[in-house]
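In the two assemblies presented below, chain A is common to both, partnered first by chain B and then by chain C.
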Partner chain A sequence: MRTSASVSPSLTGADVLGSLIAYMIVYLLMYPAGIAVMARIVRNGPMATDAPIPIVRTAIAATNPGE
Partner chain B sequence: MQTGLPDLVLVWTAIIGIGVFFYVLLDGFDLGVGILYGFAPATERSTVMNAIAPIWDGNETWLILGGLALLAVFPLAFAIIIPAVYFPVLLMLLALVFRGVSFEFRFQQPWITRFWTSGFCVGSALATFAQGAVLGAFIQGFAVQGRNFAGTSWDWLTPFSVLTGVALMFGYGLLGAGWLVLKTEGELQSWARHAGRICLIGVLAAIVIVSVWTPLSDNAIAQRWFAWPNIVLLAPVPLLTAVMAFAAWRALDGWGGDGAVFATGFGLFILSYLGIAISLWPMIVPRHYTIWQAASAEGTQVFLLIGTLFLLPIIVMYTGWSYWVFRGKIRGDAGYH
Partner chain C sequence: MHLDPLILSRLQWAWVIGWHILLPAFTVGLASYIAVLEGLYFFRRDEVWLRLSRFWTRIFAVSFAMGVVSGIIMPFQFGTNWARFSDAAANVVSPMLAYEDLMAFFLEATFLGILLFGRSRVPTWVHFLAACMVAVGTLFSSFWILSVNSWMQTPAGYEMHDGRFFPIDWLAIVFNPSFPYRLAHNVSAFYITTGFVVLGVGAWLVRRDGQSVEARRMVLMALGFLAVFVPLQIVLGDQHGLNTLEHQPAKVAAMEGRWDSASPAPLTLFAIPEQAQERNAYAIDIPYLGSLILTHSLTGGIKGLKEWPADERPPVWPVFFAFRVMVGFGFVMLAVVALGWLLYRRGRLFTANWYLRICQFTAPLGFIAVLAGWTVTEDVNPGRFTV
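Here is the complex of A and B:
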């Protein structure tokens, strides 16, 4: 079956064009906004609360020569 | 083909029916919280969002289950219904994009917080309206010629579908208010009760209007409800709805504890859902095709059922687990973000 034979009969070219434009508008808004979010996260750098809790050397670790 | 299996069409109808109801209940309350978010006091907004942040995305699983099962098991219904509701489905998807990213962007971009605040509220409201309009268009039925949808892409837009769209906004708002009552305390909780009251009034008005409108506009639906002996057998549905409406009203006063608003909202939804199912049964394309006429081959149904029966318990298990992990009251100082 060809694509032209399987398309929904109710769907006109204008419908498809309109929905494509709607998708384009939404994505043109979302991608710059997403890039701005990521750029901000990078610019701010890691926050103090993001750092892992320091590991305290215990007696067992200190006596282990493989450390 | 006689295989000795139970009627799989009924099994699949139950799976899709229950799956769609789960969707309406679960995504319903988080879309409702999204709508209420736009009206909540500005200082409480992050708590409102945190009340659904850990659990909202899993709720859309059920929409995908319902949509794909409709495509695979009832392809004829899919081919007629989906083109007919092309634009509301498009509207719903685009609105869900705004709503979904608002969770992530709002906290990162305080300089345009207002934009994402309205994106969250308006996105939730439009997605809800679109779902309600799809339901309204479905109940009214579609223009069908042979095995195709014969109308235009804008046939869905009628006074009735606008009514059901607005009705669902009130309905999801009620579920959302019920969820907030369950998850919050103090001033925000009293605010949620007040918002729930407004939504409940809207829901009850919508139930009455739809219950009068559908039998008047469709003789088959009138026959289904009012012919003897159905009028007696089906009487419990409207009676229970009235009892549930009263219980919901009392629950908003504080009766029954913090879970009662959500529970009675759930009750109103399940009764309305049953009412629609009773009106339309056994048609899956109203007035044209029954579930048996629209079903795919039995081999396809068996094949799909095997996979689904493995997956469903897994979905139910992880969904239940995530709700369990994030149980209890939400506090302003401890969030998911």
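Here is the complex of A and C:
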């Protein structure tokens, strides 16, 4: 099957150009951001501890008066 | 200015798949690495393995999220830009993509939560199991996606009715001729890509922290793994090449820059292929070597591109150069790994600052090789044919 016979018939060049530019902007924001986050994890190193998940006991007590 | 939807759609596809493939290239390998680290912690109870697993799981979470987001775009492309392809091939392609959802994504979605948030909530063995299931999920995903991709390259097990593909033999479709070789070569490439990232990160941490046990284990694990997989990958690549020669000889002719059929055929190390003139400029040829590599005999014949009509030839220039980038980087990787072992045997691995710097710079090599390999296989996708 030829590639030229595979493309959507209703597409206009402007449609594809617009969405291509949008994809470019989103990817060029997302990838550097993701890489920056991963680089920070690397800089913190393997000795860093996971952030503790706070357990809000007072809130549980307030909703469960029986405790 | 006339905007051609076909060329723009191909550009858009290249853009979204090019970025997307970088993430599976990393997460498939990293998921397996985390499963190994969890297993080591489960059996040995050494806190170092736990810290390593936590460290890489944090990075995995970010890259996995990016992989999912960029991956969702891909099936949308089928609908928005390639509707006629979807219409014609849906009977074959859709069930395979659905199997990827059912097998890979369901498994990953279930166990990723346990891997990321379950450390203090489930027993260690369950956490190890979750890591294994996520790793298996990424491999299932590779299995189905590469099966679809291979079917598009070497279609089998179908009948055509009114311009649509209808499946008649699912085993022949899933295990189409190029699939086993493509799967092995790709998954091995993903593992090696991850291995070089682990090596590079470990090397940087050794340079910064000196005595860090965690960093040293990263470097040693990566070097040990790569010492097996880089040579293995060269063998797998050779096998994949032989398979391509059998089923897609025009692609091999483009990879080799071979215009005229020849036996024995030389190996063209470097040249500037000129598609319109059907020849190579500035070619550097080594006699017999082309036949030796491709047919494993000194006099084996190789078909040239002129055997095919001009409009059925792949674009030679990108395939030819991408192939050289892929193979060239493969041998650079081999050299880096061999050098690392040499230094290790002399007890200088962790003090050779220059080598650790080399490891940092070679960390992204796998990604470039994967992109180059993809360019070879897709001949700057959808080359001339989608199926």
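Definition applied: the second predicted complex is superposed on the first by the 40 of 67 C-alpha atoms of A that agree within 3 Å, B and C clash if a C-alpha of one lies under 4 Å from a C-alpha of the other, contacts with A are read in each partner's own complex, and residues count from 1 in each chain.
As a convention for this text, contacts are C-beta pairs under 8 Å (C-beta built on N, C-alpha and C of every residue); 3 or more make two chains touch, one makes a residue touch a chain.
Only a predicted model underlies this, so the values are computations on that prediction, with no experimental measurement involved.
Within the superposed three-chain model, A:Leu17 lies in touch with chain C and out of touch with chain B [touch as defined at top]. Touched residues of chain A were counted for both chain B and chain C, and C has more of them. Of the residues of chain A, those at positions 8-12, 15, 19, 23, 30, 34, 37, 41 touch chain B in one of the two structures and chain C in the other. The touching residues of chain A, when paired with chain B in their complex, are 8-12, 15, 19, 22-23, 26, 30, 33-34, 36-37, 40-41.
Within the complex formed with chain C, the residues of chain A that make contact are 1-17, 19-20, 23-24, 27, 30-31, 34, 37-38, 41-42, 45-50. On the chain B side of its complex with chain A, the touching residues are 79, 82-84, 86-87, 90, 94, 97-98, 101, 104-105, 108-109, 148-153. Of all residues in chain C, only 2-6, 8-12, 15-16, 19, 51-52, 54-55, 58-59, 62-63, 65-66, 69-70, 73, 80-85, 88-89, 119, 201, 204-205, 208-209, 212, 214-215, 382-387 touch chain A in the complex they form.
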